[in-house]
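Once you scroll down, you'll see the structures, which are given as structure tokens.
Common to both upcoming complexes is chain A, partnered first by chain B, then by chain C.
What follows is the complex of A and B.
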């Protein structure tokens, strides 16, 4: 029963990925631009080449990238490539392959945004639950206004303010990048602390902004849950306050939050653009930003595909774990 | 004659409201003998559920207990600290909740919800002993042992209510407060659940306060009945007397409103509506709806008087 459910969900996941991959293939081609030609013309303009060989060069590169074949052949070889996680060469960074670029950028984004999203979810949900709980310490009430205020600030703006304060006025933290210029990525203690220092500012701005949102949602859910009959009955059972709080209130109030968390985790990659560009972080967002600026079809395709897979995959994981979190949702077919 | 197990003396519960204080329970006193079944009946809003919850000190702000005291044996419940009242709930006075459709935590298995009560009341049981007790409790309310592994949504309404009764008796309380335990159930299941409640109550020797508005159910189940109107007890009498010879005009109207098997036709009602607790009528709160009201009823509030084994709060009784 359970295996069949998971298999079915996985099938849906594959279907979503295929649909999205197809859209991803056809949409950029509707623009009618020729990325190779544009790139070559740009280079020609910069370097002052003679324009004579452009057409021949375009042809040669298009042959190389497979752009000279009919659309359906391109589509098939694209699907074949996607199945092998191969997205052809980057046009702007030739001869690097798109999969390499993504593999380089992905860990940075996952580490920064994955960690901050999980942290702000955990802190925010717990704070929100406490904010609704009458037994919570009184000083916690003072947390609400600053949390809400921070939540109202766009995180890139907060990022700029924090950068100004903590990197410029009081130079505690590095302004820019994922690691110091000249540092060589290695598995050493020094490199790790360097990376951590660079991650601190963007992480702080994301956590400060996101925590308020999670707290707000959780507080609302918590207030609703505390009015439920089973909470009154739990109190009438003479259960200890921590039991009532954790196992009867929080455990139920967190269910919609988990849905939101899965969606937030899926959107990490697409949401990364602003943070990463502002902090010059070498992740997926920066890669996508540059690719769009340089009209690099294959990189855009690769990144967008990665985003889709990430969203589809978190939804799949949510589908699989949700019946375990909420037994009312069963593995059985409705 | 034995001592009462539970005494309620002059209990007053009020809810603060921007438009003024609302007194949901006003000067209610009664005593409960060990093993006795006491009924509390009245219309919606008459304060019977509030009374039940305030005995357990479960009234939440803006509601609060203004005056009066509740005694369980020799312990005055108002004197207990937070941990003391917590320990007294379930172990001393247990609640069978109203509307059991939603009284069980949807994400925990039934067995877990029983075991939670053991754990938080300081019972350190091994896994085997815990399972044995859970099985025994479920068996006592007529549920198979497999229920322990199930979630509330997998049970029917009657099974859920039985599970709630199993929880309520898990620590062998002296008093069980059943707050409209069968209001969401159909009559067949209602009868089964009440029979279960009666059986476990007898086995434990616990006293029961049955809160409800179903006079037929009261007549079958309780030994003594208290009638509440607008937050006050207006009549308390043994059930046979109150059915045969109701003394308060409100009680009379309630009993007259019972549908009868012989007489067909329109059901008899009580004219008018229950008064708003914020603007209670002067004197006797029932006088605007009472056919017999005299001038004294409008001016002077009647107190409960002993009349031939019953207590009645009416000038005319």
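What follows is the complex of A and C.
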């Protein structure tokens, strides 16, 4: 039963990988011409920021995709390249490979997004649970309207406002980038604090907005859970309030939140891309932004594919953990 | 009638707040359109980089656009993208949801599968691939259609769930037994009961579409020559207006975008309360 459930979920993950790859392959071809090749030649004609090597690149490109071969052969060889995480060269940063650029940027995004998502999920869920709890301090009610309002704002817009307040008006925090210009990336205490300082504003703009969303969802679930008979029974039995709160209410109310987390990851990521752009934070979002500016098709495709696959994998992991969190699900068909 | 509306709005403050915010924006656009020449939203129609003054209340940008005119011209454009994409999304979503939930079977499995998988994928990135694949820069209407290409996923999923619970109700059963055809049941029995819910979904979809369009625009994939709110933010970012201290350049679009999102959000909350009165006890 367990193996079948996991296998089915993994099948969905593979389907996502295949769809993402096919999307990357077919969409540019739908517009009638091959924009990748056109752009390559355009860049070559313009000179500009292409530092040479365009001939090798065009040759490499034609050889790799076998443009004279039938479409299905091209498609298969493309899938083969993708399976080896090979996304060809970057057009703007030749001779660097797309996979190298992504490998450089990915840790930044993972760190920023992982920390902020976990923090906002934890804080938001706990806050939301308290907001629904009758025994919570009264002042907490005043938190609701700001949480609601924050929840409706896009991450990057709050980022803009925070930048102005905390970096420009009161120069508390650095305004731009992932680390100070001239700082040498190394495993030292100074570099670490520098990075942390730079990450604080982007992180704050994600956490503040996302916390509101989780708090609202959790509050709704808590209200439903507190109406259940077993909660009344637990109270009647004379259990201490914290026990009822933590083990009877919170434990049950948090489960749908985990499902919501799997669904929200895509949205969180879309928002984080823009936050990175606003702050010039050296992650996937900024890489993507530069690639769009420079018409660097291979980088755009590589980033989009990598992110979709990474998110698909996270969803898969969450799906597998979920029955373990909620024994009522028990790996059966929904 | 009027008094009834006021009384209801007092009971449903979210709806009132949302309506007021959006009405304020509408007034700004309509009255502004009469007082200000929208042609000044084009570059080179004003001196560059002026801070707000009597002559240019919102200031001017580096390319010499009068930002007041930009806001008056751009707000409706951004809303238009949102409404076209939102309507298309909810329209397509409703049709698919009814087909899936009412007829069930293989179609249901396929439609639900696509919606479920599509929702786990980061929408903005797929939209980027679509936008990049199209030839040349987009117009405002093309932009709306690009955004609409994913806007139906969420409505399909949620409306389907609603129809699934509705179709088991007694009155639907009665209609079916009295020989009403499938489409007739959908139109005359299910649809009217879902209208408040559809309205809330629509507002939600419009908001999501505006967010997606602004995202694409900030990344530089928007209609380059249209003065939409997102494109204004793109130029803000492009010219590093924040670091250079040109605060008025980003302040106006930020405030208006805030009003749009907050207005739409409170409108959804208010509509939700109409669609789902059980929420009242929880609030």
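FYI, the second predicted complex is superposed on the first by the 275 of 334 C-alpha atoms of A that agree within 3 Å, B and C clash if a C-alpha of one lies under 4 Å from a C-alpha of the other, contacts with A are read in each partner's own complex, and residues count from 1 in each chain.
Keep in mind that, in the parts below, a contact is a pair of C-beta atoms (placed from the backbone, for glycine too) under 8 Å apart; a residue touches a chain by one contact, two chains touch by 3 or more.
Every value quoted in this text rests on a predicted model; they were computed, and no experiment measured them.
After overlaying the two complexes on the shared chain, residue contacts for A:230 are found with chain B alone; chain C is out of touch. Look at A:160: by the touch rule set out above, it reaches chain C but stays clear of chain B. In the superposed model, A:262 lies in contact with chain C only, and not with chain B.
In the superposed model, A:270 makes contact with chain C only, not with chain B. For chain A, the partner with contacts to more residues, out of chain B and chain C, is C. Contacts of A:196 after superposition: neither chain B nor chain C is touched.
By the touch criterion stated above, A:252 is placed in contact with chain B alone, chain C being left untouched. Of the two partner chains placed by superposition, A:76 touches none, neither chain B nor chain C.
Of the two partner chains placed by the overlay, only chain C lies in contact with A:151; chain B stays clear of it.
Taken in their complex, chain A has these residues touching chain C: 12, 15-16, 19-20, 23-24, 27-28, 30-33, 35, 148-149, 151-154, 156-157, 160-161, 163-164, 168, 175-176, 220, 223-224, 262-263, 265-267, 269-270, 273-274, 277-278, 288-289, 292-293, 297, 300-301, 303-304, 307-308, 311-312, 315.
Residues of chain B that touch chain A in their complex: 56, 58, 86-91, 94-95, 97-99, 101-108, 116-117, 119-121, 151, 153, 164, 167.
Those residues of chain C that touch chain A in the complex are listed here as 117, 119-126, 128-130, 132-135, 207, 211-212, 214-215, 218-221, 233, 237, 242-243, 245, 247, 250, 254, 257-258, 261-262, 264-266, 269, 282. The residues of chain A lying in touch with chain B in their complex are 228-230, 232-240, 243, 247-248, 251-252, 255, 325-328.
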